[in-house]
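Below: a set of structures, written as structure tokens.
Look at the two complexes coming up: chain A is in both, with chain B in one and chain C in the other.
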Partner chain A sequence: MELHSAGEDAIMLYLGEETSPEVSARVQAAAEAIKPALGADLVDLVPSYASLLIIYDAMHTDHLSVAHRVRTAVAALQTRSGTEGRTVVLPVYYAAEVGEDLESLAQRAGLSTAEVIALHTGTEYRVYAIGFAPGFAYLGQVDERIAAPRLTTPRQKVPRGAVAIADRQTAVYPAVSPGGWNLIGRCPVRMFDPDTEPTMPVTVGDRVRFEPISRERFVALGGDLA
Partner chain B sequence: MSFKIVQPGILSMLQDSGRRGRQHIGLTNGGPLDREAFYYCNRLLGNPEGSTTIEVSFGGMTLQAENDTFICVTGADMPLRINGEEQPLWTVLAVAAGDTISLDFAENGCRSYLGVADGFTVQPSFGSTATVMRENIGGLRGDKLHAGDHLPCAVVRKRRRYRLAAEQRPHYQDRITVRVIPGYQQHHFSRLQQRRFFSHAYTVSDRCDRMGYRLEGPAIKCAIEGILSEGICFGAIQVPADGQPIVLLNDRQTIGGYPKIGSALSLDASRLAQLRPGGTVHFAPITPHGAHNALHLAQSFARRQPLWEHRP
Partner chain C sequence: MTLKIISHGLSTSIQDLGRPGYFHLGIPMGGAMDRFSLRVANMLVGNPEDVACLEVVFLGPKIEFTKSVIVAVTGAELPILVDGEPRDTWSSFEVKAGQVLSFEFLQAGARAYIAISGGIDTPTALGSRSTYPIGALGGVDGRNVQTGDELPVGDSSNSKAGLSVDEKLRRLPDTPARLRVLPGLYWHRLTEASGNNFFSDEWSVAPEADRMGYRFKGGRPLEFVDREQPFGAGADPSNIVDGCYCYGSIQVPGGKEPIVLHRDAVSGGGYFTLGAVISADMDFIGQLQPHAPVKFEKIDMAGANSARAERKQMLEIIRKELRQEPKTQP
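Here is the complex of A and B:
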């Protein structure tokens, strides 16, 4: 455990150095323990791969008090296996028509597109972090054989629902946005909807599996091919 | 009842005090770039703290009142006119239905806050009316203001006409010092690089907006190119591979993987956001303890500022 002052109202807590389900589970457990320890002084908790950004109300407490309470809460943590949380299944239509980089990614990997799809759907991913844009969930780890670097020139417009790979991470774009990840398919489930509760189908610590669906099924589930 | 936008100017949008506690689902803060000017706008009007105002960047806005109420403009020196007649800033002014209100281009500073009695009443999303264009959330349609927009507000016929005396108002200069809490990735910057950062002047580049201010100056070298993505707090100063620091502000992305040399004090980030390209920034280190004290002092100082009633 490593604690640092991050700003006038923020403390950064590091719980490891690598991307792994164990470190991520520690981040989750720490977040759960810190909530009651800080109570109303807590403004926000931003979990990521191996860290937890703790934002507190600097008008009602200070970094010394927060650091003390965080240390005490985290020191008392039980180790966890990293298998808690829900498993969410997301349907994906994998095809060149909606996954512009599917073929080039397969070519570079020396695999057929069917093998790329099998590897992508054959892994259970963990939600390591949410951020960058509302509802953007970073899922890992992608099988090394289909890991692919970001595009040298990001696209101006990636459609909502695009399923993509960057290095050993994968994600479903929650909204139309610029993006440099490799597109391999599209998911009809909305990853962020301000008008529903909860606004997201997943939360940090959940497991995600992708399930291949046909074009017809994709359209029937409300998917947009445009 | 409402105010109608005749000309939105370069960039005008609704802002309240910002979205708090939603960074874990990827929603950034939004909110006023200059918290001090925003605070005084609502305080002078007798509004609850954090009421929704229009943040006007650079100026050039014209709007029409469609009901009687009171307005107040704080922040940059944008010449304010009501029906063509010049009016004072940092002062509560009566407007009548049909009046035309215009804000010209700023001479000093670049962000102003135009508030009305009781604030503009728009529906909050995720607990705030703050407009974040990048997320398409808050304000009207998640967007900046456009000609023809109607901003709902109450009819108000009585309000005390407070003003802030000239000597109480901030003076926006084109050279500022930003206090920085040295950060958690500080050890990746050698002592020489840290000294370089704190001892040279940096210039505000053209790439400055609500997300962050990119500065230009002596390049700061970091021992690492990136880190595992992690949460980014307000004011964090990222140093990408080119060594040119970026001070991340209200609309920053919520997580990221560039190393950070520290975080700017919010009080100084407000002043930074009043700078235009070409403005000069010096950085000075401050301890977390010093930052805490500075925040509390600034808050009690602002709350204890006497307001003066003026009689037109």
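Here is the complex of A and C:
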């Protein structure tokens, strides 16, 4: 455990250096312990792969008090395995018409598109972080055989629901945005909706599986082919 | 509807004090770039300080009112006209139904705040009316204000014309602007000489300066201490394992030009950050024009806390003065 001041109202807690399910589980467990320890002094708690950003209300407390409470809460933690959290299944329509990079990714990997789909759906992913854009969940780790580098020229416009791979990470684009990840399919589930509670179907620490669906099912579930 | 946008200027958006607490969903706090000026604008028209105003960048809009209201404009020095007649900035004045509010050319600063008695009453998203176009949150259907928009304004019974803020209490950056920095997370990754250069060099605002971040140019590139890159961090020494950026963080992609992340910045990524600009000075960044000269100045946590207290104190003085000001009978 390492604590560093990140600004006048933020402390960064490091729980490891590498990206792994164990480190991610530690981040998650620490987040759960810190919430009650800081109570109303906590403004936001932002987990990432190996770190946790703690934003506090500097009008009512200071970094020394926050650091002390965080240290105490995290020191009392039991080591946990990386298996807590819910499992969320997300349906995906995998096809070239909605996954423009599916064929080129398969070609580069020396696999058929069916094999790429099987490898993508055959892995259970962990939500490591949420960021980049509202509701953008970073999922890992993608099977090494279908890991693919980011596009050299990012697309100006990636559609909402696009399912994509970058290196050993995968994600569902929550809204139309620019993006450099490889598109392989599309998910009809909305990944972010400010008018619903919760606003996202997944949270950090959850596990995610993708389930292949047909074009008809995709449309029936409200998916947009455009 | 009490407010009609005849022309929207360059970039005009609805902002309040933002929506803190949603970084974990990838949503930045947003809100006014210059929070001090927004608060004071609201005080002048008798609104609660967190009410939504218009944030105007460089070029003023032209607005027709369909109901009589009290208006105040703070922040950047953007000369005000009501039906062609000049009005003072940092002061409250009446705009009658049918009158048009417009502006002349910008004289200083970058962002002006137009507060209207009753406040702009568009729907809230996650507790705020602040516009965040990337997430389509707040504003007018998730976007900036456009020519032709009609905006609802709330009711007010608490406003009066003729209030004004003492010139000594108006806050705009000096030249060069002094931005105090709390060295942070990855400071130890810089060589000592490079760290010193960062504070001794003169920087200026690059053209890439918006609500997401302000880029600065002109100083010497950073030099890093050699290290073994951890897995997931990539080969570039300015990259780290993806982590969160706190508000005000100074990110240095490629180790060359620092970017201070501002209100609408993304919550995280894989670039090195060397520290954070203190909150008291973040408001100043929102008032910097491209090419404005800037000096970064090192501060410690105690200094950052007293700067914060000082700004709070200044707001308290303005609050008191405006409360006492009505000398005539109502």
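Simple rule for what comes next: the second predicted complex is superposed on the first by the 226 of 226 C-alpha atoms of A that agree within 3 Å, B and C clash if a C-alpha of one lies under 4 Å from a C-alpha of the other, contacts with A are read in each partner's own complex, and residues count from 1 in each chain.
Convention: contacts are C-beta pairs under 8 Å (C-beta built on N, C-alpha and C of every residue); 3 or more make two chains touch, one makes a residue touch a chain.
Every value quoted in this text rests on a predicted model; they were computed, and no experiment measured them.
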| item | value |
| --- | --- |
| Combined model on chain A: chain C and chain B, fit or clash | clash |
| Chain B versus chain C as contact partner of A:Gly131, first or second or both or neither | both |
| Which superposed partner A:Gln141 touches (first chain B, second chain C, both, neither) | neither |
| Which superposed partner A:Met12 touches (first chain B, second chain C, both, neither) | both |
| First (chain B), second (chain C), both or neither touched by A:Thr113 | neither |
| Touching partner for A:Thr199 - first (chain B), second (chain C), both, neither | both |
| Chain B versus chain C as contact partner of A:Thr123, first or second or both or neither | neither |
| Intersection of chain A interface sets (partners chain B, chain C) | 4-10, 12, 17-19, 43-51, 53, 55, 58-59, 62-63, 129-136, 138, 175, 192, 194, 199-200, 204 |
| Contact footprint of chain C on chain A as seen in their complex | 4-10, 12, 17-19, 43-51, 53, 55, 58-59, 62-63, 129-136, 138, 175, 177, 192, 194, 199-200, 204 |
| In the complex, chain A residues that touch chain B | 4-10, 12, 17-19, 43-53, 55, 58-59, 62-64, 129-136, 138, 174-175, 192, 194, 199-200, 204 |
| List of chain B residues in touch with chain A within their complex | 20-27, 125-126, 134-137, 181, 183-184, 228-236, 253-256, 263, 265-266, 288-289, 291-292, 295-296, 299 |
| Residues on chain C engaged by chain A in the complex (per definition of touch) | 20-27, 125-126, 134-137, 182, 184-185, 230-232, 241-249, 266-269, 273, 275-276, 278-279, 301, 304-305, 308, 312 |
